[in-house]
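Labels for the chains are A, B, C and D, by order of writing; each one numbers its residues from 1.
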Amino acid sequence: MFDKLVEYFLKFPGIGPRQAKRFAYFLSSADNEFVDELSKLIKEIKNNAVQCVSCRRYFENSKNDASNRCPICSSLNRNGALLMVVEKNLDLDNIEKTGIYNGKYFILGSALSLKNEKQNTLIFKELFNKAQKEKPAEVILATSATLEGENTARYIEKILEPLPVKVTRLGRGLSTGTELEYIDSETMDNALKNRK
Amino acid sequence: MFDKLVEYFLKFPGIGPRQAKRFAYFLSSADNEFVDELSKLIKEIKNNAVQCVSCRRYFENSKNDASNRCPICSSLNRNGALLMVVEKNLDLDNIEKTGIYNGKYFILGSALSLKNEKQNTLIFKELFNKAQKEKPAEVILATSATLEGENTARYIEKILEPLPVKVTRLGRGLSTGTELEYIDSETMDNALKNRK
Amino acid sequence: MFDKLVEYFLKFPGIGPRQAKRFAYFLSSADNEFVDELSKLIKEIKNNAVQCVSCRRYFENSKNDASNRCPICSSLNRNGALLMVVEKNLDLDNIEKTGIYNGKYFILGSALSLKNEKQNTLIFKELFNKAQKEKPAEVILATSATLEGENTARYIEKILEPLPVKVTRLGRGLSTGTELEYIDSETMDNALKNRK
Amino acid sequence: MFDKLVEYFLKFPGIGPRQAKRFAYFLSSADNEFVDELSKLIKEIKNNAVQCVSCRRYFENSKNDASNRCPICSSLNRNGALLMVVEKNLDLDNIEKTGIYNGKYFILGSALSLKNEKQNTLIFKELFNKAQKEKPAEVILATSATLEGENTARYIEKILEPLPVKVTRLGRGLSTGTELEYIDSETMDNALKNRK
């Protein structure tokens, strides 16, 4: 059973064998109250942390809102004309922390890998339907500037092509801290094209 | 509730805010079966992973042995004349993996910090009683070669002084990979004294 | 003398005490030919590696060109309408390696620190004169996206204000590898503003 | 010539292409006095930093001692009964810094690689002759606790076998900072054998 718990922790993001074992020992020696409460919280997270039917974000439905829409999607203060597509919940959290963006979101989710094509197709369809129905003026593709992120963005551009919506991508160029001595040619190319 | 789960994960060894959040999102989007099983395993770890009454190690009592002694303490093939004192379960696991040591153990446990003097006193008393009763020929202090580890070893030496037991400490010197160009003076001192 | 050589190596960019000592020992045990040739090369670098009178770049004047203009400044294939201002020779080298830019350059030089105001003033004046005389259509400020780089760019913008030249800065946004989960608010702000 | 200087710097220990280039630019823009003095120092290092005929260490022969023996070898305060064999000048420097050892040294030198067998043979012969002539009570092999260092030590043990000298090796065990959780089996084995 100890080994089985270790196996479960190994499935957690970024956790290797030594840390998984450390978690299991930690719980073995933790007091009963901590362990019971943790066990309960984990069980309940699936009931309380619902996935927003509108943006696919996980949020705590504390008000037991029957609509299952997250606070951002329900808010009247957010600009519905802008729909930003991000990869993960943590991306959304980080962008919200900057306080710069006031539009709506759509989250592709961790599912977006090459492994699960069927689910990807469903998610992309959901995005298409949302854009078709809500008619935002602009969809901003905010995927990471990595090979995978670029591929995802390119793929979504194609999917949204039939719709009369403007599709943009986040600007490329020097990010904070970039030094010219170490700049890669792709970033230099973008920085030069996007100079102003 | 999401935030509370994040708080609980923050208490896990080596886990910071970002990773705690990542865990919570991971569980939010994991399938029900995984979450239910994990919740169950965590709850049961306290029942099945019992602390050995003899060496204080946590182990899975799969045979439901009423004596609550771990396989090493119960084994007739381990040399009872040697008692090695280690800091953590993971230290014992690592030493067992080397296959070099065939004696018994006593685990001080994560409790051994300056924060919890009362519990420390209890643990040291338990070690004293065990050494008095089991009469090993030698107690080997296998604490880490850090300031805290050295202090702990020195403290235990004093505690065991009244007993007619030989108390030793692991040899100090060059560990695998040590280069003379970078050697610290303490290690050099030990390596020179322990040359042979 | 050994210590004096170590001191000299300590002035090299990025070299600490241990490495400076290592260099001195390396030379002590190197063969005569190597040391003599190195000594000669170092002495001659000041004669042969001249500073271009036009862009302030150091280059090897192998053709003994009396004009003391570097190959880029002398070239007829480079677009004289673009003048890119960079901080260091290594920045220019790296940008040239990308093969993306075909204009001319001006190098501020390592002198550009807050320590040497008098020399900075001279360099900025040289840039002003060059821009006034050569009349490029655009001056591109390619300083690093660091606090110091931004300050330098802002300062140069003011200096060039009296001239009828367009002054631009490299585009800001996601650089290759930027992940939304870790993006800072300045980069997010730029990436959002520069979306397209 | 610039490229040739870069090539020379690439031969310096631990220097890669970018740093070699940085050095060359640094010298291009350094003032004449610095460059001239450095060039002179490098040229003279070969004359002034002589190799001690007794221990093979490089030292500055500032007193122009005709014996070409380093201060340690000449000193009457160092214990001639102990001869410590080290790999590099920097090892000796570091050991001296600890102030723990008061015997004499013999330096194998950077030459000790598998590449240059002929020179290695000469060096080992020199060590044999020195030990035979000076008759130290003990030769301490202070090579690094790496595969190469162990091989060297084993090789020297064989070479000195014919002589009536005690040959020892630095003690192995926990070095400062070693944690039991991460200890390798070789170090554990040594630490256990050398416990006391």
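Definition applied: contacts are C-beta pairs under 8 Å (C-beta built on N, C-alpha and C of every residue); 3 or more make two chains touch, one makes a residue touch a chain.
Quick caveat: nothing in here was measured; it's all calculated off a predicted structure.
Enquirer: So how far apart, in whole Å, are chain A and chain C when each is placed at the average of its C-alpha atoms?
Expert: Spacing between the chain centres: roughly 40 Å.
Enquirer: Find the geometric centre of each of chain A and chain D from their Cα atoms only, then give the gap between the two centres in Å, rounded to an integer.
Expert: Each chain's C-alpha centroid was found; their separation is 55 Å.
Enquirer: Two or more other chains in contact with one residue: find those residues in chain B.
Expert: If we look for residues of chain B contacting two or more partner chains, we find 88, 90.
Enquirer: How are the chains arranged in terms of who touches whom: line, ring, star, complete or other?
Expert: Basically the chains close up into a ring.
Enquirer: Please list, in label order, each pair of chains that touches.
Expert: Pairs flagged as touching, ordered by label: A-B, A-C, B-D, C-D.
Enquirer: Residues of chain A touching chain C in their complex?
Expert: So the residues of chain A in touch with chain C come to 86-88, 90-91, 94-95, 97-101, 140, 142-146, 149, 168-196.
Enquirer: Contact residues on chain C for chain D in the complex?
Expert: 1-5, 8, 11-14, 18-19, 21-30, 32, 34-46, 48-49, 51, 58-60, 62, 88-90, 93, 109-110
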